[in-house]
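Have a look at these structures, which come just after this line.
Two complexes follow with subunit A in common, the first pairing it with subunit B and the second with subunit C.
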Partner chain A sequence: MNRRSDTWLAYFMILPVVAAVLAFVIGPTWDVGTLSLTSVVMGQERGFGTLSNFRALFADPVFPTVVKNTAIWILGGTILCVMTGLAVGMFLAIDSKMTMGLRAIILLPWVLPDVVTAMAWKWMLHGQVGVIGDYISRMGLTDGAISFLGNPDLVMWMLVIVLIWRKMPLVALILCAAIRSVPSEQLEAARMDGANGWHRFRFVVVPNIAFSLTAVTVISMIWITAEFTLPWVMTGGGPANSSQIMSTYIYQQSFQFFNWGVGSAMSVVNLVFLMTVVGLYLYINRRSWAAGGNS
Partner chain B sequence: MKTDIGRRGFLAGTTALLALATTSIPARAASGALSVWKFGGTPAEVEAWPAANDKFLAANPDIDLNYSFFNGQIRRQKILAGFQTRKLADVIIAFGQDIPEFAGFGMIQPLEEIAGDKLEGWKDRIVPEILSSGMHEGKLYGLPTYVDMATFIAIDTDAMKEAGYDRPPETWSELREYAKKLTTADRPGIAFPATTAPVDINIFEGIAYANGGRIFDEETGKVTLNDAGVVGALQLYADLIADGSTPSGNSMTETNFRDTAQLFGQKRAAMWIGLSWLNTPWGVMEGMNWAGAPFPKPDAPSGAFPPVAAIMDGTAVLMVSSSTKNPEAAIEYLDFWSQNEQLNTWGGNPEIARVPAGKSAWSEQGLADAWPAWVESYNAGTLFDGAEPMPRFIGVSAVESALATAIQQVVLGQKTPQEAADEATEAAQAQIDLLRG
Partner chain C sequence: MGSVTLRNIRKSYGPVEVLHGIDLDVADGEFVVLVGPSGCGKSTLLRSLAGLETISAGDISIDDKVINGLEPKNRDIAMVFQNYALYPHMKVRENMAFSLKLNKVPKDEIESKVAKAAEILSLTAMLDRYPKQLSGGQRQRVAMGRAIVRDPKVFLFDEPLSNLDAKLRVQMRSEIKELHQRLGTTIVYVTHDQIEAMTMADKIVVMKDGHVEQIGAPLDLYDTPANLFVAGFIGSPSMNFMSCTAQGGKAVLSNGQVLGAAPAGLGEGQAFTAGVRPEHFVIGSGALDAPVTLVEPTGAEIQFTVDIAGDHVLITTRDRVTARLGDTLNLSVEPGKLHAFDPETGARLGGV
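Showing the complex of A and B:
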């Protein structure tokens, strides 16, 4: 085969992927973008080329709360998820019978459907009928029941904790695999040079797993941004909007209020926000990302 | 062979043949594919509906029924998605409160235009006040099979007697007094739901409407959440909390109507507030005595609108989609559900626990045994006196969502009732203006 036919074959081979991306990513994104610039009244499109949806969004008194909660959700969730995932991954990387067993069962939270997870946690955290508050109260740690999901100051962080419980295991397993692939010679050499545990982690392990760490952070950020079921089923955005985040508010605007234009405008804001954060993160970590794990 | 047939003979013959052919063809039964989406319902209802569908299929063998059940919470996005993709079911069984929006968006069609002579039968068999809950702008868009009414209260009669009372409270001031007296160290006097769940909002609306409040004025297109009637009802919630008669405010914002029922049934609250279904047996502790009653009335209604006795809405209202290709089969299905046998499914069944739409259901002994006071009131013609449909207008979800936020802000002590209501009015009005253009 000559070089020209190789090129055509390559184009042909990637055609299904290109078609899928166009149909399921570019197409809907374009649709949302144009809808955000369209006036929609009673479900009917009434003119393209307006910023009224964005104006309404930024005038909405709930929107600043939504942005603040989304920042806690995405940034807090991602940072804590990756940090706990790294700690658990380090532990799982140790060879022992216990860690071998744990590596298998740590994925259990992934097996449960989102709705089941959300309902179970909602029930367990309920101040009146939940087992967690009851247990804490019986131990004498509190005077009465704690309303984890009814307290506006606590609710976002409780959602983040449940999110970490749900998402962290896969992060831990990916990082565990990366940590186990760190050359033992390098670790041994560092030890012989007098490096303590922290130094070996900081200067040997982290550089070796930098690519995986960056990739898993970006993926976690995207997963968490797209997560809807957990917060919606557990709190419905309450109490008093104190757990209202982008995904739940987009849903509410689009499917409960039928304000499709505003819902689309918020989706665009969400996309820009996510692209900015991910772009910034990749820029900061550009060396490990570009090196593809070889740095 | 030559046959002479005159023009008159030919015309007379063909006319006679045509008349014979027309009269000998039986009325064409409905046939073809029919898709039905049902949203929400109690566990017993979820089982009862497919069982009745089997009877429908037996009576209509030419109809290919494709019945699907979905959670009530997802109905709006499911129906919207179906409408947008032109894959909406022929028959939608959803909530009465949805009708104005579905009709306004052109998703459903008036039944008068396709029901023909079936309409008279529906009017004959269904309680007029309940049938009117399927109306919008003078047209019938939905066939209700039952309604829920708001608002009611259940009281632990053992606790009530211990506190020295012999009847449930009848006014708001009595309610506060009862709740205080019924409160003990380990049992609040009253629990009410204050989550963002639609039912919890409907429960509050029943109280506010009885106080002369409304959440929206259709004539002016203005949101009226800061009307004195609504603010007064918010103040009642705030007062009950300030009296120390309830669980903590934090706790109530995560406690929905099912949770409050559980607290009551476990003797962890002496009273609880709900819809009409609380009058039928719930899971309570062995030997617990309790009674259901209409929610106490305000001492002096403060709202700008006429106070109502109750508000009501059906959550299994049959509607026909405007895109149906088979209106004959759709109407046949609605007509099947308008028959006494189907409407009586609800009569007296404590698990289903809805106010039946069928007139004949009210003469069932089972219903009289379960709800004697209601049957008596129905027979006296007073059951629906002063009752109105639950709020229904284009943008109702946005306004109810703002109301839920206001309720939670008051319950949490974040804002006074007036502040919360003013803020909710402003936010909801912006949503309404955007939606209506």
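Showing the complex of A and C:
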């Protein structure tokens, strides 16, 4: 009897959280899911249970560009972010006065609001008045100023660079902490065993920080997939859709063109992708979770 | 071959010098134990030998080849760490094979070497386990296996047994000693436990504050300690010290009683510190009367604490002496077992 009422009390206590999750996460997700299967014309719902939105999406001539750009954005961004983060983290893990100072100030890009970062970089990279183009042309490396964000071949990579500038510091700090907690005896034992710097990195450091490394990779991937402000404020998907990625395209289709059917279909594609990433992460780390986080 | 020579080794951390010119010769196949109190520089000396620390001055040579500037991996030395330092993500087999793999030894040769080392250390059944699935003693054996497979010129051990419980420590002590007899490889072994040093070593190096106090065979150190520090450090329970003066060939205590015959070579009236080990007192025959202040039977022997000229002095005997608290014991010192030390410098006086 007592057991029973305890159980009910427990359910009652978590009710607010469950309600909030239902209202703000599950509910909208469900709405987007059903919306993607409903044909909408001029803001009026016209029949449920159709794949016409997805057909429209795949027929959209911009869609392949969006997929390509999103791949650069998410995969390129994540891989470069983690790799530079690992390199910077290795450097920060060295004990010296300089790295101690750097560890403190490296988070600066992180505390700036997204919009500020985006505006600052947008003007620094501007074709006519940007300081970066100006500096490069004055050094005589180029004939005139380059329009970094106006060039369809460059623009996606410029966005990735700004993204890394903004997201890498936390990755570097997390990995730095992980690297610093690698037992020094293991590194010394490896030195005695004949390991050079690369061997020690590959066979001692990386396995010891593997847990942090996969966690940071997945978290970066999720951040980057969800990142909207940076590309939207810097380019708005332009020029001519050449920097259009899923998040900006969803926003544009849904809230500028009110093309909710296609917008929601794309959101569903996005959701499936994210769930795959998280599922993969949980699968890779299944042993570590059971072991309580280490090894 | 694996003889080690250290000449005038100095090591400073910034302005602080922690090794003040160490000289040591280790013959091929010898088991040398570095012993001394915490912070005296044992680990630093061992790590300098391994190449994990760079020395500030001096020469380290193995087989008469100076190796000061060589990387640890080129010194042909293997080291066993206090906390094992096994690679947690590698199985026992991979832990032991790691150095061979890095040195591009052929696969079948690696396999046979690992199998052989595992057999010596009775680890064969555990080759496919991870370190965290092993007990402390087994991990210690894996750490030794990792050293053995390399077949190095010298093994270094830094307090390898201090993380084990007392019983296992005794067992591993004899295992290491057996291993040494079997392989015949030179071993330099660090401990702060003088019993470990006495039982295992061919040669003991007693260190204090970055200096070598004495080098010698265990029983030599026990019988003829070179100074007060070594006399007090080696032996358990430790040696008793009393202030005496030499008068007419006798060691006379501050209260006028005679402790025993003074060692030869002391000047008449010279003040010195007399040292006598607890087991070198003879009870029941002597001129020295001492009241008992504590009786502690341990089974195999009885420990008496007595009052001699105001000092507490420990005496052990294997005889069933029935003296009780407050009784007076009649004591003398076994001939030739009274050590004399300079009260100021602590150096040994007289010849025994």
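Throughout what follows, the second predicted complex is superposed on the first by the 255 of 295 C-alpha atoms of A that agree within 3 Å, B and C clash if a C-alpha of one lies under 4 Å from a C-alpha of the other, contacts with A are read in each partner's own complex, and residues count from 1 in each chain.
In the analysis below, a contact is a pair of C-beta atoms (placed from the backbone, for glycine too) under 8 Å apart; a residue touches a chain by one contact, two chains touch by 3 or more.
Being a predicted model, the structure only gives us computed values, none of them experimental.
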item	value
Partner chain(s) touched by A:203 [first = subunit B, second = subunit C, both, neither]	second
First, second, both or neither for A:195, with subunit B first and subunit C second	second
Which partner, subunit B or subunit C, touches more subunit A residues	B
Touching partner for A:186 - first (subunit B), second (subunit C), both, neither	second
Which of subunit B and subunit C A:59 touches, first, second, both or neither	first
Contact set on subunit A toward subunit C in their complex	183, 185-186, 188-196, 199, 203-204, 207-208, 210, 294-295
Contacting residues of subunit C [partner subunit A, same complex]	50-52, 71-73, 77-79, 81, 83, 85-90, 98-99, 102-103, 130, 132, 146, 150
Sites on subunit B touched by subunit A in the complex	76-77, 80, 101, 104-106, 195-197, 247-255, 259, 262-263, 268, 394-395, 397-398, 401, 404-405, 408-409, 411-412, 414, 423, 426-427, 430-431, 434-437
Touching residues on subunit A, where the partner in the complex is subunit B	39, 41-43, 46, 52, 56, 59-62, 126-129, 144-145, 147, 149-152, 235-241, 251-252, 254-259, 261-262
